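All chains are identified by letter, namely A, B, C, D and E, in their written order; residue positions are counted from 1 within each chain.
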Amino acid sequence: MLKRIRKRPKEVGLPPGTLISSREEKAEKVRITIMHYGERELEEKDTETIEECFPSREKPTVTWININGVHHIDTVEKVGKHFDLHPLTLEDIVDTGQRPKIEDYENYIFIVLKMLHHNEKEDEIQAEQVSVILGSDFVISFQEREGDVFDPVRERIRRGKGRIRKMGADYLAYALIDTIVDNYFLIPEKLGEKIESMEEELITNPTPEILQAIHTLKRGMTFLRKSVWPLREVVSLLERGESELIHESTRIYLRDVYDHTIQVIDTIETSRDLLSGMLDIYLSSISNRMNQAMKVLTIIATIFIPLTFIAGIYGMNFEYIPELKWHWGYPLVLLAMVAIGISMLVYFRRKKWL
Amino acid sequence: MLKRIRKRPKEVGLPPGTLISSREEKAEKVRITIMHYGERELEEKDTETIEECFPSREKPTVTWININGVHHIDTVEKVGKHFDLHPLTLEDIVDTGQRPKIEDYENYIFIVLKMLHHNEKEDEIQAEQVSVILGSDFVISFQEREGDVFDPVRERIRRGKGRIRKMGADYLAYALIDTIVDNYFLIPEKLGEKIESMEEELITNPTPEILQAIHTLKRGMTFLRKSVWPLREVVSLLERGESELIHESTRIYLRDVYDHTIQVIDTIETSRDLLSGMLDIYLSSISNRMNQAMKVLTIIATIFIPLTFIAGIYGMNFEYIPELKWHWGYPLVLLAMVAIGISMLVYFRRKKWL
Amino acid sequence: MLKRIRKRPKEVGLPPGTLISSREEKAEKVRITIMHYGERELEEKDTETIEECFPSREKPTVTWININGVHHIDTVEKVGKHFDLHPLTLEDIVDTGQRPKIEDYENYIFIVLKMLHHNEKEDEIQAEQVSVILGSDFVISFQEREGDVFDPVRERIRRGKGRIRKMGADYLAYALIDTIVDNYFLIPEKLGEKIESMEEELITNPTPEILQAIHTLKRGMTFLRKSVWPLREVVSLLERGESELIHESTRIYLRDVYDHTIQVIDTIETSRDLLSGMLDIYLSSISNRMNQAMKVLTIIATIFIPLTFIAGIYGMNFEYIPELKWHWGYPLVLLAMVAIGISMLVYFRRKKWL
Amino acid sequence: MLKRIRKRPKEVGLPPGTLISSREEKAEKVRITIMHYGERELEEKDTETIEECFPSREKPTVTWININGVHHIDTVEKVGKHFDLHPLTLEDIVDTGQRPKIEDYENYIFIVLKMLHHNEKEDEIQAEQVSVILGSDFVISFQEREGDVFDPVRERIRRGKGRIRKMGADYLAYALIDTIVDNYFLIPEKLGEKIESMEEELITNPTPEILQAIHTLKRGMTFLRKSVWPLREVVSLLERGESELIHESTRIYLRDVYDHTIQVIDTIETSRDLLSGMLDIYLSSISNRMNQAMKVLTIIATIFIPLTFIAGIYGMNFEYIPELKWHWGYPLVLLAMVAIGISMLVYFRRKKWL
Amino acid sequence: MLKRIRKRPKEVGLPPGTLISSREEKAEKVRITIMHYGERELEEKDTETIEECFPSREKPTVTWININGVHHIDTVEKVGKHFDLHPLTLEDIVDTGQRPKIEDYENYIFIVLKMLHHNEKEDEIQAEQVSVILGSDFVISFQEREGDVFDPVRERIRRGKGRIRKMGADYLAYALIDTIVDNYFLIPEKLGEKIESMEEELITNPTPEILQAIHTLKRGMTFLRKSVWPLREVVSLLERGESELIHESTRIYLRDVYDHTIQVIDTIETSRDLLSGMLDIYLSSISNRMNQAMKVLTIIATIFIPLTFIAGIYGMNFEYIPELKWHWGYPLVLLAMVAIGISMLVYFRRKKWL
């Protein structure tokens, strides 16, 4: 169900800052969107070559460059040169096996995030790396694939709705992070629905398939938790950090994002507890049913074995078995057998074994 | 048994500060109570429109505005504008899926709490969000529904009993928080009574229903714990915080509330331990009873199987079985069977299997 | 076995500082002992009315007022007024459901402790709340019931033995706390003896009663641990606190008390580990015995079932069964049966199932 | 599968700084490689006697002395004298049972690392101690055995590729540590492949061998984790330390190494979780299969036992059993038997025991 | 196997500093060894009365007084008076139930350590308390019994080997602590050997005795861990402490001791993990063998029960059973039985129950 975190592809001993993409589909085109905006102006451009984006950097507005396709190493390198990014930053952008983290370089802040999708078709949680670089008046965001996750933010900028047009680059970075964190809420919700539907089945019909499903969901939750914990740290560092790139007024919003990550963690923990509880219930209900069966079956055997023994006695071929000659022998034996059977049943019931 | 924490309804990507109520029953009326009081004066008003409350704010007394019904977004927005509240504060008041938290804005402190009720009818723990805003000379409290939880505080203000009339808005906020924390004591108490009544049943008659009940109670305790832990943090931050809105004399009272939250946590932990112990006892008593049954049943089978074999031997139809001709054959065989049975019983007893 | 921590009796919403005793036996008399002492003088008084104690406070000596019976609210209130105690302090003295804690008011330190007795008759650990108020030249101690726990301290003051007469009120408070911590050593010791006696029984005769006893002891240990942990914190805060009421020379003694609490915790942890180990041994020895029984019984059944089948074959009434006519048929079949039985036994033994 | 950490060979009570090698193969030759390099110059030497290395130390370049074979105590002592190393440093270099650690002496930093190899032939994780001494303009590295682990670094120096030739000794030390940490990625990867291949087998054919393999892999993971945790601490101390030997520009690279160690830890934790999950699945699938078998087998027995009893009844030799005379007696009994068998099957199926 | 930590013998309520020995064998003689040494001079004395040691204290050298036999209270008191030790220090020296700890009095440092021996004869880990008092120019060490644990240090002083004669009293204290920590390595080693020898037995022949042995070893490891943890803290406090009695040059050596304690802890943790793993393997191998047996036995029973039923049918005495008259009846039934048996075997094997 889970797409494992990709193994680190860098070969041992390569110098740091060597750009090696973890993705093979290099044929895919890169797509670059650029937005310049201030309180009144707004300029949008869609392009495939990065050079077109650079001249516009001089205007006293906020510039947002969004690059879909980090496998296009050439583009990343040009961006790095233009914005004077550290080679290690570039390496981390391209190698998509990073954990969420935040790094404060002098002239910019580098943030690595994980976007999570729940792929319905393959019933798989997919993680995509999103890197955000926050400078004094620009934000550059890198996505692995084409995706419309940032569309609502773009829409808000276009409409001039809310605060976004009046505030700086740090608020834009906040908006992007907030959008990603909001996405995190969707997955535990979907998994939660599955859990609830399973809960009923668990009581009516506990099968090994459900057990398997519980294990899979638990693994999904563990995966989620591992993704969210470093995210929480990232947001916390961003909020409390000393960087001058983040204005005081934006920190209040980051505190809000931080609360959201904690809420996500809470939801995940609750789901994990629920799953653990379901596992316990499953196991005890399975063992309960098994015990029920074994008990009844054993009791049947136990009652008939002595009776069969009695029948065996009078099946012996001794010449002198006086009872065999009695006229009422057979009915008496039958009666005795019924009596023994009933008294055993009574005994078992009194002992509460039945 | 538990009402799950509500899922966050905000749609992904909406700008922060968008007010969307989590409740659907928007038809319900909002009810606003306002109290102005100083050491000597006291003024009370009940209203449904928020505008009536505002003029009175200028008097040099403490103003307490209590608003039942946070779904009435219009009212919340007017309050926000009048008291100059941050949009994120308003969002958190209206979205009732928050965790207990405290946020220190410059001119006011925003506190989110959870009121817990144990709904007897549905045997359900219900959580209601209560938001408290503490300003220099006013307190605004928001409740989700109509409720009389703050009535004792209101009564104390009316009677002028205790310190409340002589002290400032911070003391009023303390009184509200204290009232909510006091309510927390009721729930572990009620659950505790259930636990005790179950404990006896557990020994006399361990059924799967009790197992189910233990699991449910355990989940209830986990839910409680998750609600109380952040509350503890809230109170601690309030007590140790640097805000000038809290006077030194009020901090001593907050320390008292803090002690109470720790007592609640203690009680919950004790209950959880008790439940874990009960689970162990249940499992071992079930398995003990099962083993008892299986052992006795197996022993019966084990004794009669060899005896039946002997009977089978003399039931064979060979022409030349000398024993069959003996006059004392039958009684001798019976004697032998009794002897074998008794010696097996003795052996089993000596091995302590019986 | 355990007396649960009392539920908090204060009704929801009462103003703080309302004195409500948790004990019902209000008829019981209060007993007040007062000691004034300096390096050379010593004055003792036994009384039932608190007013008699007050005039003596002016002398330049240490005053120790010990009050047995916190249910006598009137007395507690008078003390509170005379010594200028905070209402919350009085509330905590009277409500005996407190956790051990320490609170530093400006002019005095308020310490709540738990005295533990192991009531032999009811085999119950009983907790009694002892509150100590340490002022600049006085110590007031409150006990729930009559008791002679502080007699050794009294005796040391009388005899002028040791340092106690030469030092101040803080040393007296230390002596009282030390006496209580010394008492803590007795209970794990007594429980420890029980554990050791059970350990032997466990190997010779594991019964469900022992399981029950282990669970009870474990609960006792958990209870103890919960009482000692906050105590440790109290002593630590007292030692490291900045209050001027504690002299440097007394801190060394408090460090000693701190070491003792850690030793108690250590002993408790060791006992808990022992109990957990015993539980494991119990379970594995029970299951081992069970398995032994089941195995032997099953093997008996397994050997005789095929033999019985053979006997059944020759018990069939077909007209043409040639073997039945053979003269050596019967002995041959018997031989074959013995051979089969023995070879099965050999096989089982080789497989180590026997 | 694991090579245990070697026991400390130093005899009790020896003075500190006594050099005793933990390796016995003292016959093996020591091999020393020396590189002097600056931005433009480069000098390489291969030797077996340490004295040849020393004169070159005076040049204003970076000197890297790599010594393969720490068992050659004489060489280590000469290095220690020449570079003025503390006796405890020398002891730790020679005694290869150290944990990864970092020690800041005034004039140099001493770093102990563990190189991990996965020896394919013996399916064993082997640990080799690598000690690195970082001075102001030199780096000395000690390896236990001949090995080419640092070859990529050597190659980078030779080619002048990357930053390495332009930067100081601290960057070289970073490069060495980075190389070692990169190696750490290989082992969880290899173990991970094993885990995946086992996962499939687990479902198709759970055998005790797989259980054994899971346990072995889990132990391997525990071993790995124990090696990586102190490494993480070492790198963290190096990055945040106050030593002047580490330049600000190198710290950014160390932060990168730190991230890598956290990634390794993450991978290990994920693998451990997977293994735990597999263990659970194994156990439940084994017990499930077992239960399946037992159930079916028990049911067969349970159905035939009553039937055999009926047959036994009509095998009795009483003279007056009227049914035996009936013409349809036999078919009727057979019919009754079939009816009983079928109704039992139906009952069992309805109870879901089948 | 373990000697429990001794119960605290002090009676409740005694004043602090009362000296009560925990040992009963007071008849044993006390043995005092004294060494004065400087870089050039060395003076040794063996005595039984403490007074002889005192005059020599005035010389400007290091004085080491070693006292075997802390039960001789008189001697301890005289030492206390001469060196001006705090009464609590004396109490802790005499009461040998202390945890390892360090206490910084103004003019001396008091260190309590535990020496561990593995008594081969009784297969028991024995703990002896060693107290060390470090003053500006003297070290006093107290041992419970005669013992030669410090002989290597004495020897180093005599021979003037190593640094010891050139350095101060703090280095001597370090040497004593190092000797004790070195001893700690021996015990996990010995226990480790036992573990390895058991590991093989576990696979070839898992018996309940091995289970018992694993539990005992685990308890031993727990005991060890509890002894080493506070030791680690003691050494850490000594190294980082602010006392002027410890010179900077000695701190490096203490850091080395600290590393050793961590190595001991590591070894213990590894052993504990191994033991836990062994427990798991034991349990699963026992249950595996049990299951194997039960399965085969049950299958035998299951195959023969239907066959016996068939035999029972043709053992019935009905007058009209046509099959009984058939000439090939008997061989046909036998054939049918064989066919049924084989087809059941095939079915079981296909289901992998066999």
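By definition in this document, a contact is a pair of C-beta atoms (placed from the backbone, for glycine too) under 8 Å apart; a residue touches a chain by one contact, two chains touch by 3 or more.
Note that this is a predicted model, so its numbers are computed, not measured.
Going only between touching chains, how few steps reach chain D from chain C?
When the steps are counted carefully, the minimum from chain C to chain D is 2.
Please give the intersection of the contact partners of chain B with those of chain D.
Both-contact set = A.
On the document's contact criterion, could you list the chains that touch chain B and likewise touch chain E?
C
Rounded to a multiple of 5, how large is the rotation, in degrees, that superposes the C-alpha trace of chain A on chain D?
70
So how far apart, in whole Å, are chain D and chain E when each is placed at the average of its C-alpha atoms?
26
Roughly how far is chain A from chain C, centre to centre by C-alpha average, rounded to an integer in Å?
43
Residues of chain B touching 2+ other chains?
Within chain B, the residues that touch at least two other chains are 294, 298, 301, 305, 308, 312, 315-317, 321.
Quick check of your reading of the touch definition: is the inter-chain graph here a line, ring, star, complete or other?
Topology of the interface graph: a ring, with each chain touching two neighbours.
Round the ring, starting at chain A and heading to chain B first, what is the chain order?
A, B, C, E, D
Across the complex, what residues on chain D touch chain A?
Those residues of chain D that touch chain A are 151-153, 155-156, 161-164, 175, 178-179, 182-183, 185-186, 189, 192, 252-253, 255-256, 259-260, 262-263, 266-267, 269-270, 273-274, 277, 280-281, 284-285, 288, 291, 294-295, 298-299, 301-302, 305-306, 308-309, 312-313, 315-321, 348, 351-353.
Would you tell me which residues of chain B are touching chain A in their complex?
Residues in contact with chain A: 4-5, 7-8, 10, 12-17, 86, 88, 91, 97-99, 101, 103, 105, 208, 211-212, 215, 218-219, 222, 226, 283, 289-290, 292-294, 296-298, 300-301, 304-305, 307-308, 311-312, 314-317, 321, 323-327, 329-330, 333-334.
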